[in-house]
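Both complexes below contain subunit A, partnered by subunit B and then by subunit C.
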Partner chain A sequence: MPLDTSTYSLALLRLDGRRWNELRRLTAQISTQAAADGSSYLEMGNTKVICTVTGPSEAKATGGNRSGGDKADVQVVINIAGFSGVDRKRRGRRDKRTQEMQTTIANAFSQSLFTHLFPHSTILLSLHILSQDGSLLAALLNASTLALIDAGIPMRDYICACTAGSTSSYSSNDEKADPLLDLNNLEEQELPFLTVATLGDTDDVSVLVMETRVQIGRLEGMLAVGVDGCKQVREILDQVVRKRGTKILEASQL
Partner chain B sequence: MAPSATQQVLLSPAELSYLHTSLSLTPPIRPDGRTLCQFRPLIAETDILPGTNGSARICFADGTEAIVGIKAEVEKSRPSYQAPGDQNIGEDDDDEADEEVRRSEKEAEQQKGLNEWVEMSVEIPGFRDDDSMSVFLAAMLSEALLADGEFTRRLWINRRFHWKLYVDILLLSQPLSYPLPLLSLTTHLALLSTRLPKLKSEQDEDPLFDDDWEASVFLYPRATDTTSARPPITLLVMAVKDNIIFDPSKEELAVAEVVLAVSVGEKSHGVVGAGMDIDSGRTRNLSLLAVRTIDPPSRLTPPGVPNALNTATGGTAATTEQTSTQRETLDEEGVWQPPRGGAKRKLIAAMIQKVLEQGGVAEEVLDGLEAVELG
Partner chain C sequence: MPREVEPSLNERQFFANALQENIRLDGRAFDQFRALELEFGDEYGVADVRLGKTRVHTHITAEVTTPFPERPFDGIFTITTELSPMTSPSIEVNRPSETETLLSRLLEKTIRRSGALDTESLCLIAGSKCWSIRADVHVLSHDGNLVDASCIAVIAALQHFRKPDTSTEGEQVTVYTLREREPVPLSLLHFPLCVTFSFYGEGVLGKGGDEEGEVVLVDANLMEEQLREGSVTVGINRHGEVCQIAKLGGVPIDAVTLLHCVNVAGVKVKELSKFIAGRLEADAKKRDKGGLMAELRADNDRVS
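On to the complex of A and B.
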């Protein structure tokens, strides 16, 4: 279904009524599952993700190929539920897109976690996608950060992610094109967008994924908006963690 | 079911023997202090995903968690080549009223569904899609659902179209204990909360639906005055000696002698006789849908070594073949032996009876689940 992007320029409001620099409603919970070492549940608009962390645990010796060495091995398994999309569709684990997201997340967290503290061990992140409406990779990264914090695995800083897009892909209305923050599924299908993740409050970009074409001139604007959005996301995630922290402190004082 | 698929409990023969003895006492002592029929507390919620037709989530006390999402799609029915009305050729009555009855009967006959209209899949983290565990669990759950042939009738739209129901079951945690009851109860709640758009077209037209979700109809319609039909539930029952234990934990399963998966359904019934209703409020019309014996994980546990075969205690060590033959005749209390052989018929009958009886476990569970959807 093509998105009628022409309406944006009339009122400068997007399909769901947001302005260009507004995030969707972002809510999260941590410690949702008692059996896991760390777990979290995150909603970005209608995208809903659950993350559970197992580990750091002893590496499973599979086929004599011992993983590890002197650093912990971060493994990511993404499971896209059949009912998550508009139409019911089963995606196998060998799906190329899923595998790419898995490696992206695994690489990002092997950089930010202090993996050298856990030699010969694995940290398994299993991510379940319950409902998808755009910004999937960003939601997965944010949920993983929260679950890893819940599991108590030391890290440099939060990895916070969000998406940024641009209103027009044609050169004709170059001046009028606006960058957009946090795209939903309809916008993702129509507009060029990128997923950016930064390390904490800094401007250090740890993940940058872009699969669509865009003019090079627009990239800087999109990136600036994305990095700015990541800072907003960090604030929200930080509040979730702090809220959990105060709850634990209060419980321990009784 | 291959018991290797569930996680092995790491208990020594001495610990297993201790557990087995305490469970075979009268009254038995369970490791967590529950009574025989007591279930562990659970957290349940329904309608958690707005993008599905029905969904539910259940969290058991041991931390295992499952989510079920149900999606429905309209599908074209395969044409049936059955000659219309070939049953009532012989009798030719032109009585008007009789004709009416026969037509409605014929209609009911045509509203029969096919089992392929329901697709169930179970996903367990860390297991392959075609792993025997998930395939077996999906088969067992769909078996219970399709057993009485009533369920697929609900998916019938008209002679040319029907609903295709996709039931996706996700186990979010590692399968700590045998996950069948968890998945079954979650599926039950999800089916109860499933809603289908209201049909606006008539007869055999191409189906046209009301686009108001508020007007949608429940797959299992709720009636307040009569007991309505409910989706099946599958419960795990185990026995140690003559003690029948419900909702076993994984440690208890490690010493189980018999494990049964009992599927129970509830049929709708009209108005019950007024006299019956006075004291019990209302009765449930429970029926047994399926029973399966499950190979208990206790068969794979390591056996204990009796003093007579242990050199450390002055016995004589035997070769492996000798040990296994001597173990056959051994019946020493306090030395753990993995259970051998099948279950006694009497015991199985007693287990099923205990599930189905009035005021029994199945009724209790159904009552509990009913409270969830109301809340």
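On to the complex of A and C.
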């Protein structure tokens, strides 16, 4: 079903009633699974993901370590539920798109976690996708950040991610094309978009993935809006962590 | 699983010191590609690319099959990548490595997803017959920057390839052999190419306290690739359309630097496109001994 963008220029509202710079409802909970070292549940609009962290634990003896053992090895496993999309589809683990996402998340956190504190160990991130409605990689990165904080693994800063897109398709030259923040599934299928993850409040981009064609002039606007959106995401994630911290403090003061 | 031989501490320090003095170990500028050579085979659709010591061989083949049921008006275009132990000692036979997965994903996003090849032109009879174009990329030698080299190879081979001419009458399709009619080039909409940038931050350079803090290199060879802390691959065509950007983790880089990289990529791709076009022309001249090609052409003049 093609996206109906005809009303956008009239009211400057997208199909779900948001303006161009509004995030969807982002809610998260931390410590959702008692059995795991760290866990989180995150919703970005209708995209729902669960993340559990196991580690740092002793590395398996077999298998070549990438960094020779002086740093912890971050491993990511993604499981996309068959009921998560519109059609029921069972995806194997060998799917290349899934493997690429796993590598991306592992590389992103290898740089932000203090892996040199845990030599010869493995940190295993297990992600389950329950519902997909756009911003999949962004939701996975955000959920992983929260779960790693819950596990108590020290890190430089939050890795916050969101998506940004552009209202114009690639060929038109109109100057009125607005960058959009946080696209849902329908918008992602029709419009060019990128997923960007930053390190906390800074402008340093940790992950940038764009798979659609866009004019080079639009890229700057999209990236700027994306980075700004990541800063908003950081605020929300920080609130979730602080709320949990407050609860722990209250419980320990009884 | 055999591990790749990592650079020794001496090599690391030598490399880091050289970078801090703005010297690259093989004498190139920071934004300079290695020597690029492109050769075509005797058959149409065979391209051999040499980027420094990295060598990639691509072969395009076509056959008539049934299209996918959910896309009856489109032909099929697949890109497969093969890395063998000949490429690098750390690659095992039949075991998909991370390098291979990333290479094939990047080629897929840059060339297939961006619509470089017009799949609708491959359709013969809607719903029952279409061309299936298959690009096989064989990496013969890995000395860094497989993505850029493979992309050049595939795009050059696609432009070089000629598919057999066909004619349709109702439900019947006649495929003419090479002897009956001259083959027809593929319909390519744009020519996306990739440029990979490698980042070196404090972990490699040490806390030197320099103003910039990050060094960006274009077209890293194997040692530079093993020592890098992050990388971004920009797929862009010569009209300035960015087809894909892939910064899959790695050290966080300022957004302004990334945009600068995209602009540099645009400039580099224009040069590469010119180079490929020059080689294609030279190859065409070599085949067109007596000016027969102009008379034997079976395709119509395109309005471009």
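By definition in this document, the second predicted complex is superposed on the first by the 243 of 254 C-alpha atoms of A that agree within 3 Å, B and C clash if a C-alpha of one lies under 4 Å from a C-alpha of the other, contacts with A are read in each partner's own complex, and residues count from 1 in each chain.
Note that a contact is a pair of C-beta atoms (placed from the backbone, for glycine too) under 8 Å apart; a residue touches a chain by one contact, two chains touch by 3 or more.
Predicted model, so just to flag it, every value in this text is computed and none were measured.
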item	value
Overlay on subunit A: subunit C relative to subunit B, clash or fit	fit
When both partners are placed on the shared chain, which of subunit B and subunit C touches more of subunit A	C
Touched partner set for A:V77, first subunit B, second subunit C, both or neither	first
Angle at the Cα centre of subunit A, taken between the Cα centres of subunit B and subunit C once the superposition is applied, in steps of 10 degrees	110
Contacts of A:A34 with subunit B and subunit C, given as first, second, both or neither	first
Touching partner for A:T47 - first (subunit B), second (subunit C), both, neither	neither
Which superposed partner A:T122 touches (first subunit B, second subunit C, both, neither)	neither
Subunit B versus subunit C as contact partner of A:S144, first or second or both or neither	neither
Subunit B versus subunit C as contact partner of A:V86, first or second or both or neither	first
First, second, both or neither for A:S166, with subunit B first and subunit C second	neither
After fitting on chain A: smallest Cα gap, subunit B-subunit C, Å	16
Subunit A residues within the subunit B interface of the complex	33-36, 46, 48, 50, 52, 54, 77, 79, 81-88, 90, 92-93, 126, 128, 130-131
Residues of subunit B touching subunit A in the complex	49-52, 55, 59, 62-65, 67, 69-71, 73, 121, 123, 125-126, 129, 166, 168, 170, 172-174, 176
List of subunit A residues in touch with subunit C within their complex	63-64, 68, 94, 96-97, 99-100, 103-112, 170, 194, 198-199, 202-217, 219-220, 223-224, 227
Residues of subunit C touching subunit A in the complex	1-3, 6, 96, 98, 101-102, 104-105, 108-109, 113-115, 229-230, 232, 236, 240-256, 258-259, 262-263, 266
